[in-house]
Each structure stands twice: as C-alpha cells, then as structure tokens.
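Structures are listed in the sections that come next.
In the two assemblies presented below, chain A is common to both, partnered first by chain B and then by chain C.
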Partner chain A sequence: MNISGETGSGDHRAPGKQAGTEHAAFSALLEDSAEDLYEHAPCGYLSTLMDGTIAKINTTLLDWLGHERGDLVGRRTFSDLLTVGGRLYHETHFAPLLRIQGEVSGIALELRTTDGGRLPVLVTSTVKTGDDGRPLLIRTTVFDARDRRAYETELLRARRQAEREREELMRLNATLQQTLLPPTLVNVPGLDVAAYYHVASTDMVGGDFYDLFPLSAGTWGLFLGDVCGKGAAAAAVTSLARYTLRAAAVYDPDPAAVLSNLNTVLNHEYNGHDPRFCTVVFGLLTPEGEHGGFRITLASGGHPPALLLHADGSVDQVDTPGGQLIGVLPDAHIATATVHLAAGDTLLLYTDGLTEARQARTGDGDRYGDEALLHFARALAPTTASDAVAAIRDLLDTFGTGIDDDTAVLAINVPRPTNEEQQ
Partner chain B sequence: MNLLAVQTRTTPAGPVVELTGELDYDSCAQVRELLPALALQAGQQLVVDLTGVTFCDSSGITALLAARNHALAARADIALAAVPAHLGRIFHMVGLDQVFSTHPTAQAAEAAWSPPAARP
Partner chain C sequence: MDVRSRNRVTVTGRSGGPVVVLAHGFGCDQHLWRLVVPLLERDFTVVLFDHVGAGRSDLSAWSPERYSTLDGYTEDVLEICRELDLGPVTFVGHSVSAMMGVLAAAREPKAFTGLVLLAPSPCFVDDPANGYRGGFSAEDIDELLGSLDANYLGWSGAMAPVIMGNPERPELGEELTNSFCRTDPDIARSFARVTFLSDNREDLADVTVPTLVAQCSRDAIAPPEVGEFVRSRIRGSRLVTLNATGHCPQLAAPEETAAAITDFVGATRR
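Coming up: the complex of A and B.
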C-alpha cells in the first residue's frame, strides 16, 4: 500500500515536473548560439578567399580531417585538402564552373585525412558577393558521403556480378545450343548440303534441331525439327529427340517408324500439365540411278511442309497431310511423302521461326507466313544448297528483332553435272 | 508485354475460357496457371473460345494441350470454339484438328454438350 501510495503521489507531481523539463529543453534549443551551430553542425563548413585560402573552417570538418584550426586557416587552400585526383578535378572543373555560375552543388570529391585516409564527400559551394557585385569569398558545405559511397560501391559490385553472370549464362546457352547441333554436316557423295541456325535470343536456348548422318547400305538419314517452347526444359527435350531419332533410324530406318518411336518416347516422358512435343520431319535419302539424284522419303509429324525447288525454277510444297505433333498423342498419325531429287533440284527444310517472324517493313506485327515463303522460293529457284541457305539468312536479317523464335534451315541439292554448267 | 486477355465464365455445361490476343511463349503461362483453378467436374465440358486470338505458336498449342490434359484428367471433355482461319490452318498442319472437337461459337459448343445422366 505504502509503495503504491508513493507511486501515486509521484504520478500526481509528474505533469508539473514534465512541463518544467520540456521548458528547459526548449530553452537549451533557443540558447543554442549560431556560432555553436556553425561549429558543430552535422556537416562541414568552410569559407575561403577567392584564391582558395581557407579563411574559416568549422570544428566538425576539422574533426573529420584530424587537423588543428591553426594549421589551416590562412595557411592552406581548399585544394590542399583534396586527394591528387580531386585536386585535378577541382582545378579543371569545379573552380572554373564556380567562377562562371557562382554556385556548384553536390560534387563528389575525396578529402585527405591526417592519418592518411580518404574521406568521400559531397561538396556544394557558393560565391558570396559584395554590394557592388564583386566576388568576396567562397562558402562551402561538405557532407560526409561514406555511407553513400559504400552503397554506390556495393551497387557497382552487384552490377558487375550481374554482368558477369549474364555473360556466363550467354556462354552456357551458346555451348548448350552447339551440343544440340552437329558440329559439321557430313559429306554425302553427290549431294551439296548447307544449314543455318538463327539464334533469336542469347538469353534463352531455342528448341530447333537438325542433323544429317549415314545409315547402312549407302543410305542417309536427315531430320529437322522444333521443340515447343524455349529455355533449358526445351533443350532437354531437344537433346532427347535428337538422340532418339539417331538411334531409332539405325534400328529401323523407315521414316514413319522413326517418328513413331520418337512419339512413344516423348509421350511416355512428358505428359500432364507440362506437355512437351515437337514437330519434326525425317528423311531417308537413297541414291538412285546412274544419272545421280536421290529418292527421298519424308515423314512429317506436324511440321511445316518442305519446299522442293526444281531445276526448272518451279517450286512444290512437299505436303504430308494428317501428320500429327510428335509426343502428344499415344498413337500420333505420321504422314509420309516421297520425292525425287534430280540434278539441279534443291530440298529446303525449315522451322516456323521463319514463317512466324514479324515483318519489320510493315511494322504492324504481320507475320511473314507460308505464302510469302513460297513466293520467295519461286524467285529463288533454281538454286543451290548454299545459295538457298544464304538467301534465307539474308531474309532473316531483314526481320531484325521481329524474330521471336529460333530458326533452323537445312538445304540439300544435287549439283548439276559440271559439263552442263560449262555449256 | 502482356498481349493476352483471359476471361472465364461458368455455364451448366462447364467453364468457358475466352482468350483475346496473342497466344505465344510470353502469354501461354497465363492460360496454364489458370487451369488448376477451373471448376471442372467429371462429365462437363471445358470450352476454349478462340474468337479473339490473333496469333498462336507452338507455345500456344502447348497451353491448349495442357488444357486438354487437364480436362481429360478430370474425366471431362474439351472443345474449341470459334477457331480463327489462321489458327485452323496451323491446327490442320500439326494434326490437332483431329484431336479437338471444334464448334463455330461457344454457344454452339454448349448446345452440343449433354449432361452425363442424359447420355445413353
């Protein structure tokens, strides 16, 4: 009871005592002289003559630098307080600008401390003029920028690290992309071959793939395809598709059987909420006759039709109607077509990155389209493998950033006999 | 850049998802993320209304296939409504016209649906 009574009486007196304390604190504020405010302000103050000689300096700045007032006033210039780099900047930029403008604000400089350290600061100066407008002296405020500098350094470090990581990612993407493509195309006797892979983004691995490789008994296999999506997940499917196609072709080179096998593998591997599929065209090349030329059986799983550019300048789409995407349905239908590639004929396989490119010329986001490509091929025929690929490459260049998706192109051509060329 | 608008409504036959804009790599995630939230019961029909779809690439097709897998997993059906001509060509090329049943409008898709109890 006693204790609580004392506490009670204490509480009772409190309002009067509190008011007294507040009043005293407020008075202390009022008594704070301008001189004290100058000396112990939370920033450095410095006044110099027009030649830079220090005329007045506050205690805060002296404490930061470790100097005694007597060492500086009338003896040293503001420039003397700076680092070598800072002094150079002061002479060439800061001082001339101050003379012209009468004011310079927020310049980052470094001051030297007596213990050999450096103090990053932000400096603002104004020129005080007399009644006649003549400059009298320079007033300078100095803000401690250590925290800010540390923050900037950290930002810079983080940015450099981000740039390094981005470069690393681009390098990894490029490497991964390369592993999905044959380093060089094999040499097929009696056939000219050219291929091109256009990378749409260095940040994301694309899902296009192609290959040309020998099979038994003088036959050759080729394929070109496009896995849906992009990035690492698509690259994994691309890799699986590529190796499955190569292995399946050795086991049974019938093109429809090869794609059926791939369909089964992908369908087992990827189902449910993250379906993965590809469109692909697989071709079996068999040399025929004494006149050169090849019979090509193409099987397509939902892939855009190959173009056959004849020696006489005509162009056919190699239609494989009814062929379905590979990997989605347990029993995808695969359509086949057989074409003959005679001397001067070129077969062009491509992925839809080409036909789905936005056209820079029209600017309204119109896609290039199958019809436009057909017209392009008609203007191109007759051609050779390397010329066809070069022309597509130039065409892709005209789309610029309009290409959202990677594009793969593979062209095969039976060269005309040399004696015919000479005629 | 977000160029796809997705709207969902519910009918007695099942949910109708209306897509407007470009269905591509950048936008297909919107459709796929929406799927688990759809109230789709066994025997119902999920209708994807493609009236306003201006572009569809392989990623867009993936989204539609994910929708199909989702419907099949729920023992429901899926139908596409108002497939624009350019999409029809792509669907034909990749053989999906044999996989999805299509209707001229979402209403027609709804009318074609019959409740499980009424089926023979």
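Coming up: the complex of A and C.
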C-alpha cells in the first residue's frame, strides 16, 4: 500500500472509493497515540532506574507476566522478574556489559509469570544518559522467544550430540590407528630401533604403516608404507597390506618377491572401479658375521628414498629408481638396492607426510621437500635411531598445522661399540 | 609459561606507588575495572589481569584439571605477584575473586599488605543445617548453567581467534559487542561451577592480613548477612556497606569504590 499520497506519480490515483478507504486507514494510524503505541506494542517495554527499579512498564509485558502495574512500578526491579538462574546471569553478565557498553542486545533470559510459568524472552537494553553524560535510566525491550527457544534448544541438543559423536569418532580412530601399528618394536640383537607415528588429523584415520619382525634363520623383515587416501577404506587397505607383507615375507623373503606378491593381492582385491594402491619399502636384514653390522636389501614400490646416515657424518639417499606404485599395474616394476649398515650408521625410512608438509615458518605454503630433508639429515649425522626419530618429531612440531598427511618414521642403527668393548 | 601473557597482565598508574591488584569475578574481564582505574592511577601502581579463560587471557593455558577448583586460580594470583615482583600488594577481589584473595593470603601472607573483598560470598548455596544463608539453592545454580547454555549459540568458536589473536591491536577486540563477557561455553560452565559451588567458609579464619569487606546495598548475588558472616570469620576485619546497588560497585559507583580502596590502603600503611 502506498500511504504517502504526495509523491505525485500517476500510479496511486486509484478509483475514488479505494483511495478513500486507504485514506481512512492512514488517518487511523496517525491518530494512534504514542501512548497506545507504547502500551500495546507487540513487544514488552520497560524503563528502570539505574539501580534496576521499574519506573515504567507497558501493558503488553504486564499481560504476559500477569502482574498489575501497581505491584511493580517503584517496588520491584527488573531482575526480580527473572528466574533465579537468569538473575545470576543478569548480575554477572548483562548488567556489567550494559554499564560498560551502554547497550546490550539479544540476550536470552527467562521471566517468571505470576501463574508460576516461565516465559523465554530475548532482552535488549540501552542506557539513556543526561546532558552531562551521566546515566539516567535503562530502556529495555522484551521479545517473546518461545518459538525461537524451542528451536535453539533443538540446535543445542544437536550440537551436543555432534560433539559427543565426534569424540567417539576420535576414540575409534585412535584405537583403529593403534591396531595398524606394532605396539612395541621387536628387539633385534645388535640393532637400535625407533619409530614414530604422527597423526595429522584426529578426525580421519591415516594410511601409514610400519613394522619390524623376525624371519627364519636370524634374518629380520621390516617395512614402511603409505596407503593412498584416508579414512576407513584406507585403513582396510593398510590392514590388508600389513598382513600380506608379513605372510609374503614368510613365504618368500626376497624383498622384490614380497612386494610383487603384495601387488598381486591388491590388484585382485581392488580391481575395477575402486583401485587402491600404496607405496612401500620392504627390507630384509641379515647380520654380517663377526664384524657386527647388517646387510640390508631394500625393495621399493614408488616410495621416497631411504636415507643412510653414516658414522662419518655423510648421508646417502638409497635410490631405488623406477619402482612403481603397488596395486596399480598387474605387473609393477620393483626396484631393489643393497646397503651395509656398519657400526654408527643409521637407516631412516619415512613417508611423504614429512616432505610434503607445508612450512608454517615461511608462510608461503612451500612444501618441505626432499632436498631440505637431506640437508636436515646431514646436520643430524652421525646419530642414533632414537635421536634421529626425536629430531624428526621436533621437525614435525615446527610445521604445526602445515602437515596434511600422517607421517611414519622408522630408524634403525647399529650402535657403536662402547669404550670398554673397543679396548 | 609466560604469566604476563597467560593472564593478560596490565600494569598502570604511579610507578613506585603502593601496589593494588584488581581481580575481576565470574562473567566479564578486567574491563570491569575501567571506571575505577583512572581514580586509583594517581596514587597507586595498579595491576589488572584476566583470569585464564576470561577476556583476552591465553585460552590455550586453560585446562579443566587446573581450573576445576579455586586453587588453580589462586595459584595464578600468587604467580602474578611473584612474576611482577612488586613487593607486598593490596589485593582487591570482586565476587569469586575475593575468595581467591582469601586462599592466596592464607597460603602466602607475606605477599599481601591487605585484602579488599568486594561483594564477596564464601558460599552461595544455602546450608540450613548450619544456619547459613548464601542466597541460593543447588537448583538455582543449575538454572544459571541453563542460562549460560541459552546464550551458548551466541558464542562462536570462530570469534575467539579474532579476540585473542590480535594482541598488538587490542582495539579489534574492543569493537566486538559483548566481547568483554564472551567466554568459551565450556570454560564459562566450569568457572560458573567453581564460582557458585565452592564453599570457602572454613578458609576465612586462615586470613591474618588486614581485610576490608565491602558489600553493596541490595546485591541480588551476595545478601547483606553474607558480608556480615565474612566479617565475623576474618579476625580484625572491617565491614563497610557501600551505597552502590547491584553486584558490581566498581561500575555502579566507581568513586565510592575507589575511595573505599584508597582509604583502606592508607590505613594499612600507617
């Protein structure tokens, strides 16, 4: 309805009768007294002195509460109208805020009605100040919030439930993650070993894995890998890969054969529209006679190169070029390399969660990278298994939230002979 | 742990003057003292801070274990005194912080020249068996927790970094309406429990430093007999009833509150 009537455009020159009706409605509106607007406003209205004493209250609010004007004006405070809990909230939050800011809006409180009921309301107050800036009185509007409160209670319930479920999920993920890793690393005579698993997100179980276990005739198997993807589906592949690797190593401990068998299993299990693949490095450890030390044959399927940190402080990448992802092709090429681990040497295996981490320090989102890790290892060498793992752990901490993916680290080291043994 | 940033400690006023530490209660933060500070600055070194979990304190320092009783908060008060190393202080504790002052002064009396307990209550919940009236029933306190929850949706986790993350530009925090009283809901619930369910009546007798109990007229939270109870249990303490109404005299009547503190500090130094 156009009620201005003076803008002079042709549109509102409606036939006489309708214009007359409009005019009457408009006049009625104008005759609506300020007093009536106040008393019967569609919201509660009250004014209080600065100490809270009610000085003026409209009929709407009196009707909602069931009070007579005379019972309240000059006799009761605004906080007297609230439930006890609401009064505590009013005194500790609402009133101080109002004093500091001069206004407070949209605070949820409950009013007590004379019939013993409660009325959920949204309260907004402003302080009226005098010419000298001194606060004079508080004006407050009160909106009926029954519908909104019911809606909010439902939201709150849903949010609480979501929080509980998220906690449950985190617990499940943590438990699942633990079952995918060996509880402790097995003790290998003449070898110092250490491992660390960094969880990037507690919401999703990651797909990294490692293990170290005895094989026949004094040899040992070890592996470390990374399943593509995250979550329950990836965890299932991780589980399959772990058990397949251990079984395959018993069947034929040749590292290339172990990975080849895993490749076959993954191809069979996840063929068609849901291919699942991983990168793995598998090693066979054989003690080398009386001199101490180990011969290690490594086979890699698409995995980042292991690092060999020598006793003399030099560092080599153990290249296994051309090794292909396990589980993609029916006949993946697997690369092998053999290294010797002498006293004081440390072999470090890791997943690419480490090298792909974004550096918080530089702030431009650069990935950490292979080159930086090599540099880091050079500064670290010579080292021990536990020192190397601790150093990587500290390095991961510096990345903070820049780590998208889980990271597994496994280090093995042949301890240097103690002084006594040397003599 | 850097105590100063953990508790957002602010030191202002006359350097070398008697030290007055102002501790805010449940609900808001150190802004609650903003009208009193200018009145004290001329004479005193004024120390302000936020309790961990409130205002712009370091939220990451909050833990449900440390802060599930008043002891954690009390330890913070003592750590702030030690960190600033300003010698014995007059501790002004509002509401629940008054009891932190009681516990701290009982533990390390040498750290305090005196206590001002502003609108204190050693126990909010009634104990009819012992003839004690704190003013509230346990159900009332549950209802308060309900009131906190009702305003829970107004607090957004995304808001916290904005308030907390700009220490070099505090005015950014200031612009946020209601931010002074905006608290992480879990922390608010925990602090509400500590505030309203603690019973420190027995601890009052351990206070040996000069103490002023300053209560308000018509305080909906701490009724007059509670102020009288506190006075009767702290040896040699004095009770004044301020003309200020409500629970926050430092906002309702800053001049009167500042005068009470100033007079007390003067008296304890003679």
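Rule of thumb we're sticking to: the second predicted complex is superposed on the first by the 280 of 423 C-alpha atoms of A that agree within 3 Å, B and C clash if a C-alpha of one lies under 4 Å from a C-alpha of the other, contacts with A are read in each partner's own complex, and residues count from 1 in each chain.
Please note the rule applied: a residue touches a chain if its C-beta (ideal position, glycine included) is under 8 Å from a C-beta of that chain, and two chains touch if they have at least 3 such contacts.
Everything numeric here is computed off the predicted structure, so don't read it as measured data.
**Student:** Where does A:Leu349 make contact in the superposed view: on chain B (first), on chain C (second), on both, or on neither?
**Tutor:** Once the two structures are laid over each other on A, A:Leu349 reaches no partner at all.
**Student:** After superposition on the shared chain, which partner residues are touched by A:Phe277: those of chain B (first), chain C (second), both, or neither?
**Tutor:** First partner only.
**Student:** For A:Ala332, is the partner it touches chain B (first), chain C (second), both, or none of the two (neither)?
**Tutor:** So A:Ala332 only meets chain B here.
**Student:** Please work out whether A:Gly323 is in contact with chain B alone, chain C alone, both, or neither, and reply first, second, both or neither.
**Tutor:** It touches chain B, and chain C stays clear.
**Student:** Tell me the contact category for A:Leu65 with respect to chain B and chain C: first, second, both or neither.
**Tutor:** The answer is neither, since A:Leu65 touches no partner chain.
**Student:** Regarding the shared-chain residue A:Ala408, is it in contact with chain B (first), chain C (second), both, or neither?
**Tutor:** neither
**Student:** Quick check on my understanding: which residues of chain A belong to both its chain B contact set and its chain C contact set?
**Tutor:** Looking at chain A, the two contact sets are disjoint.
**Student:** Looking at the complex, which residues from chain C come into contact with chain A?
**Tutor:** Going through chain C, the ones touching chain A are 25-28, 31-32, 34, 95, 136-137, 140-154, 177-178, 180-181, 196, 218-221, 245-248, 251-252.
**Student:** Once bound in the complex, which stretches of chain A touch chain B?
**Tutor:** 226, 228-230, 271-277, 279, 301-305, 321-325, 328-329, 332-333, 352, 356, 367, 404-405
**Student:** Using the touch rule from the top, collect the residues of chain B that touch chain A in their complex.
**Tutor:** Counting only chain B, the residues touching chain A are 24-25, 32, 35, 55, 57-59, 61-62, 65-66, 69-70, 73, 92-96, 98-99.
**Student:** For a test of understanding, state which residues of chain A touch chain C in their complex under the given definition.
**Tutor:** It is residues 50-52, 77, 79, 83-93, 95-97, 99-101, 104-110, 120, 149, 152, 155-156 of chain A that touch chain C.
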